[in-house]
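Structure first, commentary second.
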Amino acid sequence: MRKIKLANFAVMSGLNPDHEAALREVVTELSAGENLVNICPSQWRGEPLPSQQAVKEIITLSRAIIFPGFFGDSDVTRENLLYFTGLWSEKLYKLLTEQIHAGLSMDVCTEDAPEFAATERLASTKAAAFMSCLPELRRLLNADVRATYYGDPAASSVQEVIYCYPGIRAICNHRIAHELVKLEVPIIPRMISELAHGETGIDIHPAATIGESFTIDHGTGIVIGATAIVGNNVKIYQGVTLGAKSFDLDKDGNPVKGEPRHPIIGNNVIIYSNASILGRITIGDNAVIGGNIWVTENVAAGERLIQAKANNVLRIKH
Amino acid sequence: MRKIKLANFAVMSGLNPDHEAALREVVTELSAGENLVNICPSQWRGEPLPSQQAVKEIITLSRAIIFPGFFGDSDVTRENLLYFTGLWSEKLYKLLTEQIHAGLSMDVCTEDAPEFAATERLASTKAAAFMSCLPELRRLLNADVRATYYGDPAASSVQEVIYCYPGIRAICNHRIAHELVKLEVPIIPRMISELAHGETGIDIHPAATIGESFTIDHGTGIVIGATAIVGNNVKIYQGVTLGAKSFDLDKDGNPVKGEPRHPIIGNNVIIYSNASILGRITIGDNAVIGGNIWVTENVAAGERLIQAKANNVLRIKH
Amino acid sequence: MRKIKLANFAVMSGLNPDHEAALREVVTELSAGENLVNICPSQWRGEPLPSQQAVKEIITLSRAIIFPGFFGDSDVTRENLLYFTGLWSEKLYKLLTEQIHAGLSMDVCTEDAPEFAATERLASTKAAAFMSCLPELRRLLNADVRATYYGDPAASSVQEVIYCYPGIRAICNHRIAHELVKLEVPIIPRMISELAHGETGIDIHPAATIGESFTIDHGTGIVIGATAIVGNNVKIYQGVTLGAKSFDLDKDGNPVKGEPRHPIIGNNVIIYSNASILGRITIGDNAVIGGNIWVTENVAAGERLIQAKANNVLRIKH
Amino acid sequence: MRKIKLANFAVMSGLNPDHEAALREVVTELSAGENLVNICPSQWRGEPLPSQQAVKEIITLSRAIIFPGFFGDSDVTRENLLYFTGLWSEKLYKLLTEQIHAGLSMDVCTEDAPEFAATERLASTKAAAFMSCLPELRRLLNADVRATYYGDPAASSVQEVIYCYPGIRAICNHRIAHELVKLEVPIIPRMISELAHGETGIDIHPAATIGESFTIDHGTGIVIGATAIVGNNVKIYQGVTLGAKSFDLDKDGNPVKGEPRHPIIGNNVIIYSNASILGRITIGDNAVIGGNIWVTENVAAGERLIQAKANNVLRIKH
Amino acid sequence: MRKIKLANFAVMSGLNPDHEAALREVVTELSAGENLVNICPSQWRGEPLPSQQAVKEIITLSRAIIFPGFFGDSDVTRENLLYFTGLWSEKLYKLLTEQIHAGLSMDVCTEDAPEFAATERLASTKAAAFMSCLPELRRLLNADVRATYYGDPAASSVQEVIYCYPGIRAICNHRIAHELVKLEVPIIPRMISELAHGETGIDIHPAATIGESFTIDHGTGIVIGATAIVGNNVKIYQGVTLGAKSFDLDKDGNPVKGEPRHPIIGNNVIIYSNASILGRITIGDNAVIGGNIWVTENVAAGERLIQAKANNVLRIKH
Amino acid sequence: MRKIKLANFAVMSGLNPDHEAALREVVTELSAGENLVNICPSQWRGEPLPSQQAVKEIITLSRAIIFPGFFGDSDVTRENLLYFTGLWSEKLYKLLTEQIHAGLSMDVCTEDAPEFAATERLASTKAAAFMSCLPELRRLLNADVRATYYGDPAASSVQEVIYCYPGIRAICNHRIAHELVKLEVPIIPRMISELAHGETGIDIHPAATIGESFTIDHGTGIVIGATAIVGNNVKIYQGVTLGAKSFDLDKDGNPVKGEPRHPIIGNNVIIYSNASILGRITIGDNAVIGGNIWVTENVAAGERLIQAKANNVLRIKH
């Protein structure tokens, strides 16, 4: 009898007891083991999981260390730079150790997984190795900044390039992620490149090799595949794809895995907007690829490819 | 006389009294009724407004429930999964009730608006109905994850796909938003799809119908219109548009509203990057649409469309 | 001897003393003056630096003031609108003063830099001038909203357009940034437009001139250059570029700077998805540019350009 | 067999599986119904519970409204006072409605509890009645501030008294809580007085009646009982108790409930530190009670009680 | 020369270069090793330090688990209690492990310190042992609540006692801290009791032994020493001291350490406000100690001590 | 007519239009100038106001700098101490400059107020002077810590004293506040001492002079007046008052202001709990004052005052 009264209260306050019961059932179903196909082994063993939030923080700290004042705390001055850099670096080292540990734990099969402490030790060694690359990363990124500044008529200062150019953010994430790839850190580099992708629309696979003084203008819609190799002083515009060639499928209809399948771009190449360069072809030094062009064969050094003039457009006068 | 002194103080401290006065005037003008043409009726009656922040939280919670550990709190383990799922689910139910209420309130004309409590009751019923779909949503999304993993040579694990693929985030939001469309929830589904658009550059209208095992690679620049229908095992690349055909305008020069105007894509279709498929045409099962192609007529089952080789490109040797 | 024991502790707790030492060295190197080529002079003098976070807050406040309830705090009602508008406006004025000050400080060469207080006074005057434009900005943006609503068959209400259309966010940021360009505020406008770019994939240079009732559909991948001029009632779709013409380089191989180099678009023009309009050409009133088209020459008033039918596509039946 | 390996992992990472199991058991026991004797009926029905955090916020807002700039946001100026006061007041009204609702719900027996909406309506009426008292509360508290300033040789300004005197905080909470007692709000007033007690060591029961221009010096250790009545211009020092007389127990050995049992203090009375005034006695107008004195009988108007000189102290010279 | 100009800038912007230099010097001095006499060995080895914030969180979680809804999140209901309790308990266990580890590390001398992992294991075992006491702690504290409710004429409900009585908070902290003392956890118990002291003015040493159904009224100024033993059903009022006897000093003039030096209080004893009971004396069962009394000798069971009537007060009529 | 409908909506949603109207009236009244008697002149001129939150942060930073690891961030180690100290010190210097500026602005009469920039310059000079005292403050406080450790049988380590003894927090705030008094900073020192009072129940006026190696045990209820002078190696217990003598009133009935009116305490004095020492008397070196004693006349060097044995207590046997 009291139960009936209770239902009335519940309806009045917007809480429907049937909903409560249904909710409990859903929770139970969602928490049952058989429904959890993607829970990874390391999660099951209680080891750290890669955390989107932590990886975001890793990028924030790295950018603050490399370009102090431009990213992170804007109170940084020459006087306090040492203090900020010290604390940022320590925090970055710790977060990296933890996330690399998480990445290392995720792949391994349960039976032959190394001990927790051994994995942590390995992770901290990789994190320390990364830390020692930071000055070189700053040098490389400063070269990218200068190349962007000199190459863009709209850039009014080097500072504007660092503050405002999505290309710089994407290259920054790429150079960080690529360093971690070289240190054989799993998954974390991919999370870092995806962060840049979400932020800028520029999708560079962390395994791609990018030369010095790389410039991206506008950026949105750029895709650079995992096995691409890009030379020095290359400049690309929005919508450019350095992709795998279409239609190369195996006998099961799936793309062939693990092969070099993306282009090799020489030095001093310019690729204009929405051009697609596909397959393991070579674009020679000093080549220029015009906008909206679809390239699937080698281009010689110094060659210029441009779209033929409007031969596929109808003009309808009224 | 004191007034003059005051002005001096103000200048010293960077506060200009003329600015203060101008500021007050602007505030008055901005708050005046006649200047508020878009303030909606429900806002005027004091009912809840849709909140961008709340909708963002709804997505965060949904993703955490469906892929525990990958999104949301990374401390989740098998042991505490029940507790996390319980609290997340309750919070999601409450937020959904509130935001659905807000959505329902927004459209109705003032005069015949239903009572506050009735709308809230309706909202909570729709929210509860959504909650009961969560296990099915997880099943569907796991199928999308698997399809993506098997279809991409660069994907090294199922976990990497969940953590890093923007396609999964966009489909996740779409499947959630589409469920709410089916429950006739106004505006909230559109806010959810726009969140994914902002995050990934993938713009799927929540009313679009998407089959099982859907794969998106790279993603940026994809547009799928409201009346599009997509079959099972379809894979699309960056820059693909499933759009309305251009130039179909009514006598006032505006696009015709409410008609089926986007394509129907069959099962097992692959659409490569930057292809545009426009109008209420049908792409048959197992068809393949090559990159950079503009399709406005039906494609038969099994047909392959590819760009003719470089017939519109000039090669300029130096 | 104790040193050896200490090392053991360190290893146990995951803290490697070698890492500590390496970390300290990296910190020292990163903080050394010679490594800081891009640190700007104002940073060195202790003046405020432009802050990404502050500029983000400036946009959040501006949007909340212009579209109360849709952006910012969703508790706003007609009753409390005056209070919210008052506090938001004061906060916006202060943040603007500070960030404009930072922008003004950044460019100037050390030797002839004006005094701190004079720069702050100038900044506050510019901020006040901006504040007085807010009612006009609301009027303009409401016109953009209405044009979008009437132009899109999928838009179910004016409110949906404000809440969900990335085009509105991008135009909103653009109109704010452009006002600051007119007030000769350096760098901050560019940071504002880049925020919209990151959020929507729409990249409008703040110096571009955009007419009334401007409509953007879907949006991702749009680029509008610094010297572009766009008329009234123009509508553009995703992937459209209003860019500089390719290949116009100076004798050093760099793009020519500072010249009008982007198109002039007339009134009532529609430009469909992925069209590229390049160079200082003129698109006449009422012209229509079809999707995927590459335009580098003038288009007359009323002319319609469409892609020739599939003349470059091969159909392969199986 | 795999189980054994798992245990090893767990030990390595500091996670003991036995602890996990024990933890789960404790959680189950703590969540079982029979262990929850104090869970209140309203909690069971899903109505709001009084929240320590919300009551703290109520006090913060009330203080900010009454003494703008001294408590709450220190950015308040004459110019923006209207805006701040408007938003603070609206927020206070809402929080009060919610917490009064919670208080009203807590006591009632399940069977005859009024409907949710009716209780909410009653709560909002009480909240509105409280809001209308705020100007009078400010007047009263300003009188307390002035009395404190004129009565303390160490007070250097009226502003110092508001910022720094715990007595003002305690009286402020008391006058707020007492107003709610007069509006027959259960439990919330007691939570408010306890907040002041924790903050200042001054424990004034919200039902106590306190006259105008009340002064507390130093404050810690003051106790004023529920049925005490204090006249105008009264001043008390640290450690003073206006308490119930000891030893008045009923036949079960418990204190007699509900009777007037605390003293009546006349106008212009001063009570020095650590004096205890106990039982329903009357201290006449203009009386002075010396420090460390124990008073259990009436004191006539104008009388002065002081401790006899050191008659109970031994002086031991070495 | 530039240096002089720089100084001018600095003065303008409120940054005095002399201050900067002085600041750097102070920082260097404060960070030098010889100035850091209290840095503890574990801090030096990089082990966790006890954290005031973490200990505060431990208390918040414990209170939320024991009195759900009254402390911590007020959204707890019967339905979600299991979920909340699960997550709170897990978090409490982890925080306790970490802080107990920190406590254990702090005392030990560097040379013979156990390994990091061994200490962590020991800490987690102690934390688990504490967790298993939680149901018993709830039982004890519920008895304290009931005793307080029945003993205070001003208490209107059991719920009011939990929400509002500082005595309950102090006893709650004490029972938690005492449990940790029994588990031989160093320093953390003392931090817990000091938190209650700061919050309530009630200072109970965690080593003190307190019986069941203990009642504290008003509370401020209560001191209970480390070797005190208190029986069941004891009630004490504000300002009561169960302290060490004065003047018992050793030959160096310091108090004698480590001896039982605080009183033993029997069952059913009442001690009124500001009474001081000093030294290792015994107060027999059912005794009553009146207010403001100084007791340094045994009191027999059932005895009542009261202050002689006003024999040391002068009444001065005017 | 629409108005009536509106009222119905409002009641349904718990928003009573009468409440709204009343609320607006209250807001208007509370914001009117005539109701704002305590708004201070500096607030009116837009200068910074003292902020409770900022002063709290000043104490947090000072404690963290003086006792690194014990207060503030517990991640501090010997390795990163320089970085933490650097950032804390810079932040402290800025906050102090701002709050001292606020304090200096508050007192001055409008007409002859110095310029904003001059006051800021003065404030920064005082802040810099304070910063240079920090090493000496650490030395003094370490002496207090050692004295407390050696004087308390319950203190198990020097670290426990720093972490857990309210006396140390109170003395720490006092020594900071007293330094600011010596620098003639208005109001801020008083806010600092009141923070300690609220946190510990120990009320030391910032103008009081306290010698080295000062010990406070338990602390709650201690009052030390503005003109008190305390020698070296003094120890006091809970409830001790070093106050002004009662009854010294001027002809208007107010306490006489500005005179030395609190006691002078010699070196090596011990004062036991709840003793009150009142008026400008002198307690000679090495004197001992027993608990609960009321002292209003000089005590010679080496003298011991104790309460006569229980001559005012009645023992009632049952």
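The letters A, B, C, D, E and F name the chains in turn, as written, and every chain counts its residues from 1.
FYI, contacts are C-beta pairs under 8 Å (C-beta built on N, C-alpha and C of every residue); 3 or more make two chains touch, one makes a residue touch a chain.
The structure displayed is predicted, hence computed values, not measured ones.
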| item | value |
| --- | --- |
| Same or different residue numbers at the subunit A/subunit B copy interface, by half rule | different |
| Pair in C-F, E-F or B-D that repeats A-C, with over half of contact pairs matching by residue number | E-F |
| Separation of mean Cα positions, subunit E and subunit B [Å, integer] | 52 |
| Intercentroid distance (Cα basis), subunit E paired with subunit D, Å | 22 |
| For subunit D, residues contacting two or more additional chains | 12, 15, 46, 79, 82, 85-86, 90, 117, 201, 220-221, 239, 274, 290, 292, 306-307, 311-312 |
| For the subunit D and subunit B complex, residues of the former touching the latter | 20, 24, 79, 117 |
| Residues of subunit E that touch subunit F when the two form their complex | 11, 14-16, 18-19, 22-23, 26-31, 33, 35-40, 43-44, 46, 48-54, 106-107, 186-187, 190-191, 193-194, 197-198, 201, 203, 205, 220-221, 223, 225-226, 239, 241, 243-244, 246-247, 254-259, 261, 274, 276, 278, 290, 292-297, 299-300, 302-308, 311-312 |
| Subunit F contact footprint on subunit A (complex, rising order) | 79-80, 82-87, 90 |
| Complex interface listing, subunit A residues touching subunit C | 65, 67-71, 74, 76-78, 81-82, 85-86, 89-90, 93, 97, 117, 120-121, 124-125, 127-128, 131-132, 134-135, 138, 142, 145, 150-154, 156-160, 162-166, 199-201, 218-221, 238-239, 272-274, 288, 290-292, 306-307, 309-318 |
